[in-house]
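Each of the next two complexes has subunit A plus one other chain: subunit B in the first, subunit C in the second.
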Partner chain A sequence: MDLKEKLISSFWAFENHLDEDSYLHPIRTDAIKRFEEKGFPSKKEEAWKYTSLNSVLKHDFSVFPKQENAIEYNDVKKYFIHDIDTYKIVFIDGKYSSHLSQTTHDGMDICLMSSALSKPKYRILIENYFNKIAEQESLTSLNTAFSSEGAYIHIPKNKMVAKPIQIIHFSTGNESAIMLQPRNLIVVDENSHVQIIERHQSLTDNQVLTNSVSEVFVNKRAIVDYYKIQNDNLNASLIDNTYIKQKQESICSVHTFSFGGKLTRNNLNFSQQGERINSTLKGVTIIGDKQHVDHNTLVHHVEPNCESHQDYKGIFGDSATGVFNGKIIVDKIAQKTNAFQSNKNILVSDKATINTKPQLEIFADDVKCSHGCTVGQLDESAMFYLRSRGIPEKEAKALLMYAFSNNVLNSVKIPEIKQRINKIIANKLGVNIGFDL
Partner chain B sequence: MNKYTEDDLREELKTKEYEYGFYTDIKSDTFPVGLNEDIVRAISLKKEEPQWMTDWRLESYRAWEKMVEPEWANVHYAKPDFQAISYYSAPNSKPKYNSLDEVDPELLATFQKLGISLDEQKKLSGVAMDVVVDSVSVATTFKKTLAEKGIIFCSISEAIQEHPELVKKYIGTVVPQKDNFYAALNSAVFSDGSFCYIPKGVKCPMELSTYFRINQAGTGQFERTLVIADEGSYVSYLEGCTAPSRDENQLHAAVVELIALDNAEIKYSTVQNWYPGNSEGKGGVYNFVTKRGLCETNAKISWTQVETGSAVTWKYPSCVLKGDNSVGEFYSIAVTNNHQQADTGTKMVHLGKNTKSTIISKGISAGKSQNSYRGLVQVHARADNARNFSQCDSLLMGNDCGAHTFPYIEAKNKSARIEHEATTSKIGEDQIFYCNQRGIDTEKAIALIVNGFSKEVLNKLPMEFAVEAQKLLEISLEGSVG
Partner chain C sequence: MLKINNLHASVEDKSILKGINLEINPGEVHAIMGPNGSGKSTLASVIAGKEDYEVTQGNITFEGNDIDELAAEERAHKGIFLSFQYPVEIPGVSVTNFMKTAINETRKAKGLEDMPAKDMLKLIREKAELLEIDRKFLSRSLNEGFSGGEKKRNEIFQMAMLEPKLAILDETDSGLDIDALRIVANGVNKLKSKDNAVLVITHYQRLLDYIVPDFVHVLYNGKIVKSGTKELAHELEEKGYDWIKEEVNA
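On to the complex of A and B.
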């Protein structure tokens, strides 16, 4: 039985457990039908031209973990941004872990999807926001069908959330292969501000496939900073689908740091529904081995006077493959749009591959849109400059790579994240240059 | 003073009818409509081709039958009915002429109208012309001069008869029969085209050129061009097209193959001005062309194109940089107006070491047109030090048109250096203001700006052709090009 059949049959078993009268029942059944029809995406689809899921899908994933698994905080402390106080929503093998988490209902809701889906007081919000912007695409539909757990964050009007929120998914590897499908819903109302850090981490070398969907609503003048740290081990694969809808004058930035994992696919979709919106999409990818990272971004400019900035940097070693597929659509009425896209890559090994496809689709005439894309090497004269000042080759290379990815890190607003990323980069490059950039 | 604004320009563009829309009535020898193996055989028989050519055509036809029309391009159109097309039509007045006086006077008038009269060309520009009207060559000039140098420049049918060894060796090597739907169709039914062979070490003393036009109602045009530049030779080849106004859609599926052997250089320039359809988007030519060049060691192929016509264009002149140190270039201006749709660009495939490619693409969209750039830069694992620079700029006029960019970049070698940049803009008010302020009226200012925008590409055209290119640009964007 292949994974698709297994998922479909387990869906019906899963759905029968739940209340069939629930609001979600028709949404879930529609979603599984769409998945059944479309199946897993193949390389024949334009959006998946450079990324094949075959090597991942061949494993026999268990869809529902059998038991609850506890882990000690000290064992996993290093995966948290632990030097600052944060709200935490932690899941172990897809199940909520109350002793690792720190949630709140005090003036805002930072809690669980499962309780939001079941409790009547959240009903209106769920009806207004749940599955409203997630695409009808097959993997997202699959997640919708199985959506039961994840983070639920609702920040009401005029609220500045004092601490960042960490969403962490651990997989313990108690089963040889596990598939997780977390579903997050984040609603930020007018004038509010929130910072979110998301991480997926497996604790053993067993196979993990995560198919995550996040829906983020950024209402009028709200500010959302979203950081995704992807530094998983080499048997963990992640398909991360993020859908963001912005209202007028809101600001939203998503930083994606991809250093680990076997196969990582980031589908990041921005829809700008209002004027004077600012969207920022930035990413640093540093991978080696046979890793594969695919950034697939879409920014849809619907109304006038908006901005979007995309900046993705990648360094690819060994037999790694990098994919960037960015798309900007500017609708006819979205005049005075400023949309910029930049994708810069360095190949450090002969077996590494980079495929990049920065696309513009423009229907309005009074716009400033540009994209730039480069593939190259470290600058030899810069190398020489550093070497001539007594810096060993390895460190010199590391310095230049730091410098290369630095402007992405510049816009990170939480210093602790910046430090953490710097440490990960240093580890990745196998050097200790003794200072932060 | 009446101010000439962009709106006026737009209005003018909208109402501007195709100036070169005329129809020359020359008796044609036309086949019944439809396509099957018998038609393919009949075309081959008609052209008195050897058996290997007939087999080659049939093989292509069988492959084509199994293929489906591609749909990935960013264009929308009513699919042509391949069984409603006549696959062969030849002007009646044979045989070939020794002097212009013998040429059908009506045909000469056609050229006169286009401003490219043969005698004028002959006298002034020193261009040898292999004039193709509806698939069969009717005049070849300067053949003697070329023959002295050992250069073969003739129609492909003639080449099949007289130089079968060359044709057999090279045809289908760059664009295989099964390459794509339209290439397969062309391979099966191509009616005529040009053939050019430059021997070792010869620098072709003049620009070679052909003018194509579609002239018979309901006839598709399937040109096949094969240019071979032997080691160390050089040739500059020009191709230009205009087509008479017609209501039904016409299909043009050409194949052009260029082969540049070691140290050779080919410069291939195109000015394309097929009938684009009227301002409601009715009629117009479908232009589905496969153009590809192969570069051996130290060879260079340069494509320059000015695309102003056709209702639907689907065209990607490409370079396969097989030999070390080979160079590929692509310079393009694509102008779309009214309901025109263009999906054009290039492919640069870097296989050899130290290969270089440059892509400069300028898209100008006006009216309700859609203009897409689609390009592929591929660096294979063994292509050390490959270098690519791509730039695609789009200029939008008015708010009903669209500009799209789909660049694909695939790098598998760490020493590859690839740069791609694209911008989209309109004619800035500040730019116009700057010109006005210096006493240049708005019309001239727009002309200046558009000219400046496309200059990088226009400069690449050979002198003799630049005038023609300007003329054709004017039809599409009159009032904006000085």
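On to the complex of A and C.
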């Protein structure tokens, strides 16, 4: 039985236990039908031309966590941003870990999707927001069909959430191969501000495939800063589908730091529904070995006077492959849009490749849109300059790579995240630069 | 200190240096002048260890040791410094962080601990003052958006920080106005001692009014065709390079 069949039959076995009158039942059954019809995406589809899931899908994944596994905090502390106080929503093999988590219902809800889906008091919010902006494409549909657990965050209006929220998914390797389908719903109401850090971490070399879906609603004048730290081990793959809907005068930024993992696909969709919205999408990718990272972004400008800024930097070594596919749509009425997109790449090996493709669909006539992509090597004259000052080759290379990704790191607002990323980069490059950028 | 013996060097099979002989002793200032394309910058780059050039014949010794096999950073650790004609812009690395890295990597190569942050700060402040460099300038990205004069001043600031035994100044005067020229020359002169040496590479004589050479060499077509004292520089300024070419070609 291949994975698709296994998922579909497992779904029905699971769904038949549920109350058929539940609000979610038709949503889930519709979703599994869409997945059944479409199947996993293949390279024949334009959006998946350069990313093949074949090598990932061949494993015999268990699709439901069988048991609750425990982890000691001290063993996984290093995966947390632990030097500052944060809320934590932690999952182990897809199950919520109350032991590692720190949630709240005090004036806001920072808790679990499973309780939000089952408790009547959340019903209205779920009906208003759940699965409202997630696309109908196959992987997101698959997640919808299986959605039972994840983070549920609702920040009511006029709230500054003082502590960042960490969402961390651990996999313990108790199964030889596991597929996880976390589902997050984040609703930030008028004039509120929240910072979110998301991480997926496998604790062994066993196979992990995560198909994650997050829906983020950034309501009027709200501010959301979202950081995704992707530094998983080489047998873990991640398909991250993040859908963001912004209302007027809201500000939302997503920083994606991709250093680890076997295959990582980031589908990041922004829909701007209101005027004077600001969206920022930034990423640093540093990979080697046979790693693959694919950034697939979409920014849809629907109304006038909005901005979007995309800045993705990639450094590819060994036989690593990268993809950047950035689409910007500016609707006819979205005049005075200011949309900027940049994707710059350095190949440090002859075998590394990057496929980069900007796609601009502009239907308004009074807009400022720019895009640019570059692929190059480390600048030889810069290398000689640094080395002539006594900086050895390896350190000089690292310094140039740091410098290359610096402007993305600069816009990270939580210093501890910046330090953590710097440390990961230094480890990755095998150097100690001796200062933080 | 520096001894160049019958040095031949080429880039992509094109022969540029065709038998250079030069000896520089501690405490001396040498100037190499010559028309465009004579090989001046190549000579500077070869001494500093640029890998694009292949030494096909001859050798370079520094303090008695052959340096041909040494990487650029190893030559820097031994005390060779090149002030670039065209300093490279490195966005994202501040002047201060760059200098910290350079100093500490050099110390590491010598088996020394990192310089304490306090000492580093003091040193930076002291040397910045010498080159009349504003403190704000030090937190800017290295050479990015610097004017021609700022770039050259920054080169000499780096030289002051690293205190090399041999400083090679490649066309340091190009792009400098008279005030910047005076600051740069003043910086170089203050760093001069009986233990170090300077090799000034220049097309024009004007910098040599400020950094006065003990010896002047004329490089033409990959060879040193004439050597003399500072009067030779004045003669070249007056008469140009044509008479040298004629003399050589005769």
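Convention: the second predicted complex is superposed on the first by the 437 of 437 C-alpha atoms of A that agree within 3 Å, B and C clash if a C-alpha of one lies under 4 Å from a C-alpha of the other, contacts with A are read in each partner's own complex, and residues count from 1 in each chain.
Keep this in mind: contacts are C-beta pairs under 8 Å (C-beta built on N, C-alpha and C of every residue); 3 or more make two chains touch, one makes a residue touch a chain.
What you see is a predicted model, and the numbers here were worked out from it, not measured in a lab.
Trainee: Looking at the superposed three-chain arrangement on subunit A, would you call subunit B and subunit C a clash or a fit?
Mentor: fit
Trainee: Of the two partner chains, subunit B (first) and subunit C (second), which one does A:A382 touch, if any: first, second, both, or neither?
Mentor: second
Trainee: Of the partners subunit B and subunit C, which touch A:G107 in the superposed model: first, second, both, neither?
Mentor: The answer is neither, since A:G107 touches no partner chain.
Trainee: Applying the touch criterion given at the start, work out whether A:Y402 contacts subunit B, subunit C, both or neither, answering first, second, both or neither.
Mentor: Only subunit C; A:Y402 stays clear of subunit B.
Trainee: Touching A:T374 in the superposition: subunit B (first), subunit C (second), both, neither?
Mentor: After superposition on chain A, A:T374 lies in contact with subunit B alone.
Trainee: More residues of subunit A in touch with subunit C or with subunit B?
Mentor: Subunit A has more residues touched by B than by the other partner.
Trainee: Have a look at where A:P120 lands relative to subunit B and subunit C in the superposition and call it first, second, both or neither.
Mentor: In the superposition, A:P120 touches no partner, neither subunit B nor subunit C.
Trainee: Kindly classify A:G390 by the partners it touches after superposition: subunit B alone (first), subunit C alone (second), both, or neither?
Mentor: A:G390 contacts subunit C only, not subunit B.
Trainee: Students often get this wrong, so check: with C-alpha centres, what angle lies at subunit A between subunit B and subunit C, to the nearest 10 degrees?
Mentor: It is 70 degrees after superposition, to the nearest 10.
Trainee: Let me test your reading of the model: by the given contact rule, A:L347 touches which partner, first (subunit B), second (subunit C), both or neither?
Mentor: First partner only.
Trainee: So after superposition, what is the minimum Cα distance from subunit B to subunit C, given in Å?
Mentor: 14 Å.
Trainee: Which of the residues in subunit C end up touching subunit A in this complex?
Mentor: Listed in rising order, the residues are 48-52, 71-73, 75-77, 81-82, 84, 87-88, 90-93, 97-98, 100-106, 109, 114, 158, 162.
Trainee: Across the complex, what residues on subunit A touch subunit B?
Mentor: For subunit A paired with subunit B, touching residues are 46, 332, 335, 345, 347-377.
Trainee: Where on subunit B does subunit A make contact in their complex?
Mentor: 72, 379, 381, 394, 396-426
Trainee: If you look only at subunit A, which of its residues touch subunit C in the complex?
Mentor: Listed in rising order, the residues are 379-382, 384-393, 395-396, 399-400, 402-407, 433-435, 437.
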